[in-house]
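So, here come the structures, one by one.
In what follows, chain A forms one complex with chain B and a second complex with chain C.
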Partner chain A sequence: MPIGNAQPSVRPVPAGRTDGAPAGSAGRRRGAGPRPVRRGSRAERFAPYVLVAPAILIIVVLRLYPLLLGVNFSFTGDGERNGTTVGLDNYLELLDDPLFRTALSNVGLLVLLLPVAVAIPGLLATFIYLRVPGHRFYRSVYFFPAVLSPVIVGAIFNLLLAFDGPVNAGLEAAGISPVDWLGKPGVAMFVVVGVHIWATFGMALVVFLAGFATLDAALLDAARVDGASLPQVIRHVIIPGLSRTIAFVAVTTMVGMLTSMFGLLYVMTSGGPEGSTYLPEYYIWIQQGQMNRPALASAASTVLFVIMLVVGLLQVKLLRRAGGED
Partner chain B sequence: MSRVRLSRWLLAIPMSLLALATIYPLLFIANVAMKTRRDYILDRFSLTDALRWDNISTAWNSVGMDRYFVNSLIVVTSSVVLLLLFGSMAGFALSQLRFRGSSALFLGCLAGLFVPFQVIMVPLARIMADTALIDTYPGLILVFVAQFLPFTVFLMTSYYKTIPREVIDAARIDGNSVYGVYRRIMLPLGTPALLSVGILNALFCWNDVLMSLVMMPSADHRTLMVGVTSLRGQYSDDIPTFASGVLIAAIPVLVVYLFLQRQIADGVAAGSTKG
Partner chain C sequence: MKQRALWSAVLVVGLATAGCGSASDTGSSSSGGSTDKLVVWDWKSGEPSAGPYIEKAKADFAKKHPDVTLEFVAQPFDQYYTLLGAAIQSGKGPDVMLFNGGGQIRDRVDALVPLDEYVAEDKQRLAGWDAFAKDGKTYAGPVTLQGHPIYYNKALYEKAGLDPASPATTWDKFLADCAAIAKAGAKCFALGNKEGAGIQFWMSALGSAILTAQEYDDWIAGKRDWNSPNVKRIFQLWKEAGDAGLNNEGANSTAMFNDAFALFQSAKAAHVIGLMSDVGHWKDFNEFLTPDKLGVMSAPVVTAGTTPSLAYDGGIGYAVAKWTKDPKVAADLVRSLTSTDALNAFYADAGAIASDTTIDVSQAGPAAATIVSQLKNGKPALHVALSSKTLDLMGRIAQQLLSGSISVDEAVKQLGASDQAG
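And then the complex of A and B:
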């Protein structure tokens, strides 16, 4: 189909369908017509760059550049000191702010709860893999909340957990005194994390099941023939065999808890009661949107980024170690 | 053997209870949406005595859910189309074409995966304000595309890697330009991956609240999820209408899930195993 280009070469086919190519380079190429081109015409050689350009441009301009901008911004002042360099002032203020300290200690709580958030889908995936009666049904039911928005999940649980709501009514009927699930500082954070786990364990479940697909079924059969009990099978066959998957789920679950609980916090507690359910992402949003302290918010963002980096590096290390064990 | 059987059946009990706990909240909200206010206050648990759609139509018409719904639809559709276009273009180039700097560019795309929106929220909002894109559809669309592009490029690249190079070579011999190969070969061959990634991206964008809240804050421009959060304040004493709003926001996802459950799960699994 080439037009106006009679090259003997078989491989590169320059002209004709360069629909997406920049007009300029196409013109120049036609001018250089008879020159034998070994690795394709100019437009062809540029094609890969043209294809990746939109993606690279968007990622660099709207993700990587803002990161630098934000770090830079965190060393400047807010309000009257807008634009002036203030050194570490914002970071010192963060350390002084009880709300931010709560946010950080809540991150610690998330880390402590991480094993639970990984173990639940892991166990359920094991049972499904071992073909508990109705395993297909469970699989699709469990995954369902994972596709719902945190906003919807939060709104539903707001109703369920309201002080005069159905959960407390149920407790009362059973003779247990009602609990102010979302209004009690020591309780609210656990409730929100619990709802988050309820809403997301299906994702991890699917990842675990994908991991199980790579597990050597002969090993399981051998263990069973040897009379191993279920806990023994889990400990000696499944956990070592799935170490990579477990590491991956641990990291993605941690990242999920750090970056996708905003919707729940916003709908269920608004950071309350008494600021007890703050997380860094909520703090950033409050400082940026409500308090008009963008530079302080940037400092909090940088702290969050460092936390994420630590998680990311841990992932690389864990995955490498898990890979080495195989 | 029978002992194993028995223990399996025993396991099925907690698993069914958990399944019930997973489904119940949604049934509860659907039930509440059908009730009258009086019924709800008198008894929260009882099944509604009739399928009443008044609350739903109130939520749809007078609260502005219709408007929010259209806003979400516009933003999500445009974002997904752009994500699939840019993601497949880059995925094709990075997986099948040899060119200088390709691995550096791939790493650059991946780096985007490690920058969550929360971390760049402040400077990004500022960039959008400086370019007058804040509180506009294109602004939120760009933010969505930037958010989910690294993941999309990554998945498309690993999918296209599985296509043998001979297919592309043959198409080139047949006289296709690089762009022709993209359009005639890679796009059609990529359909399963595009479908899976597209649905996942649609869900992510549809369900988002933080980006929408920061980038399109005004009442006219609220997306559906932001609209649901605003419902709560307005209808705190009219729970059935509130529940109807929540139900309206959940129904599209419910329908997508019922029909495309497989693709969604495949997408999630692909993201994990190709890491």
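And then the complex of A and C:
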């Protein structure tokens, strides 16, 4: 309890700078907005709308309008039925397509793997914070993969994980039978997610380290004096102290997994083996580019958009709750 | 204060119009449309090896239409059909564009001009028209021929104690040869089925040795009986070859382009079903294995009484878009791009079997000569007759057959359903 009470009084300033920047500045603007309205002339009252107009216009013209066009397009047909209204046919076809169902269940798998993707940078950041030997070295090395493009990462792991590649050679030398890492449907998706985590955890690690900077060292010392073990320190001091950082990393990691795995999939598995590594993004690309089914691809895009909207709203809610607002 | 608001309003309007203006500008510049300029989209013209070909074609076209300028836009092949799909959807785009034969062009004929009246003179000289035709109309002029010869490594044959001059002519003999090759430490087939392309090559290379002539012609004509024992045999054989360990290990995670070809080039496998043009073909293999050690064999007979033939179609060809101003001028460009001079340059520099049957290939080594000699009796490839959707499904099913998670009966059932629906 004392910890919980101490937090809000200490937190707001650094938290506003690190994690909650957009929310904080929005709040300030909202607070400052009404004041000039009460005092100013008509022109001044008009000014804020004029100033936000470019941003709004760009969003409406280049984002919302195409989005509506896309949704509208998803209710039309492909090929011979091009341009005619087909109602929900495209959506029914999606539901009927085992490939799209695989893509959706893979999204579910990503959500399930999210705790792992957050825990890995969290744990590594904890070790760096606790100054394990060589922590300075690790700090820079861990960030390194984050600067590589997914295509390069994919190519590297394609070589490493090839059936006759070095990883299997190592396994064989150790007397373990080789694994077809990218050729077994049950394994490939986990491998790709693993590679994605490897490639991106550096960014989350930096966020965690920033979060640690705001952690009260006195609490850690107190826990140690009380004889707490490392797991106990993590469970009772670090996790509660970093709850906002954890929530923020969870949100950004989820968005990253849903939106930026295309490059890896394209290079590493091409959606295979047996279609087991399809994600909605990849499905949309295949339908539009390879199968010449733009309307079906639009329907899949609309479904993906709705999923992202739901996930996004849930995450905003999560962030708010963790941030203690409302 | 008032002035500031006014200025911001001006700024907003200015920004907004500038935004719209630039958007529509780029739209019109890429659309071509005018008759004094033709825009060509392809994925070839950017490659240095295709340079002489494009130059020859341009020179030929300049003779006919000196006042028309040409703009070749080389798109990345990975995104080619995505970009083209967007162009077709908007009804604006290049005047002339490159297509792969088969499904890729047949799915998009709504956006193309039938070329029959313009290219009548070329019909005899060029081969491979069928891959660019739908419902009796021709939509593109063939540039290269693409097909699936079975290449073999004569050095490995010698090492295994086999006669490189007489490869197996029956499937049983072929399996015996594979056993000898395995003893010599190499795999029988280099197979890459990561993209699902392995099964397409397999079907087309061996099809003529499995299906009867009647079944083969029916298949190409669109009357495909997926329940016939011989069609099942294609997939049965694919599975058996995998189970018997004829392929390199990890075929489902090996990319055909170019890991499987690399296995063949590095003599880790004795055979590969390759291509005739572009990549994975005689010119690539000649470089690694030397022309004397590279052989091309006919498919070993699986079903008694069949006569194996080379499977090939038009590989790539240029088509004319519906929205071009003057189809005659655009069709003339297609004719220039398929002129003998231009194609001769393409064959010599890019290493393609060109569609022009009058080109002399005797300099290119025995493998290319064998391929060209087989063209006369060749037939369209089986997989090219299938829709992209069925091919995509077939790729996944082929992976399942190799991993053992589907039976052959179930496989042909699903493929038949997809083929009938498409």
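Methods note: the second predicted complex is superposed on the first by the 262 of 326 C-alpha atoms of A that agree within 3 Å, B and C clash if a C-alpha of one lies under 4 Å from a C-alpha of the other, contacts with A are read in each partner's own complex, and residues count from 1 in each chain.
The definition used in the following text is that a residue touches a chain if its C-beta (ideal position, glycine included) is under 8 Å from a C-beta of that chain, and two chains touch if they have at least 3 such contacts.
All of these numbers come straight from a predicted model, not from anything done at the bench.
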Partner chain in contact with A:Q290 - chain B first, chain C second, else both or neither: second
Which superposed partner A:A119 touches (first chain B, second chain C, both, neither): neither
Partner chain in contact with A:A210 - chain B first, chain C second, else both or neither: first
Contacts of A:T269 with chain B and chain C, given as first, second, both or neither: second
Partner chain(s) touched by A:P54 [first = chain B, second = chain C, both, neither]: both
First, second, both or neither for A:V151, with chain B first and chain C second: first
More chain A residues in contact - chain B or chain C: B
Which of chain B and chain C A:E44 touches, first, second, both or neither: both
First, second, both or neither for A:L182, with chain B first and chain C second: second
Touching both chain C and chain B, counted on chain A across the two superposed complexes: 40, 43-44, 47, 51, 54, 58, 61-62, 285, 288-289, 294
Touching residues on chain C, where the partner in the complex is chain A: 1-2, 4-5, 8-9, 11-12, 15-16, 19-20, 79, 81-82, 85, 89, 107-108, 110, 194-196, 248-254, 259, 388-389, 392, 395-396, 399-400, 403, 405
List of chain B residues in touch with chain A within their complex: 4, 7-9, 11-12, 15-16, 18-19, 21-23, 25-26, 28-29, 32, 44-45, 85-87, 89-90, 92-94, 97, 99, 102, 105, 108-109, 111-112, 114-127, 142-143, 145-146, 149-150, 153, 172-173, 175-180, 182-183, 203, 206-210, 213-214, 225, 228-229, 231-232, 239, 242-243, 246, 249-250, 253, 256-257, 261, 264-265, 268-269, 272-273, 275
Residue ranges of chain A touching chain C (in the complex, touch as defined): 40-41, 43-44, 46-47, 50-51, 53-54, 57-58, 61-62, 79, 82, 161-164, 178, 180-185, 188, 269-270, 272-275, 285-286, 288-292, 294
Chain A residues within the chain B interface of the complex: 1-2, 10-21, 40, 43-45, 47-49, 51-52, 54-56, 58-64, 66-67, 69-70, 73, 124, 127, 130-134, 137-138, 140-145, 147-153, 155-160, 165-166, 169, 198, 203, 206-207, 209-211, 214, 224, 230, 245, 248-249, 252, 255, 258-259, 262-263, 266-267, 280-281, 284-285, 288-289, 294, 297-298, 301-302, 304-305, 308-309, 312, 319
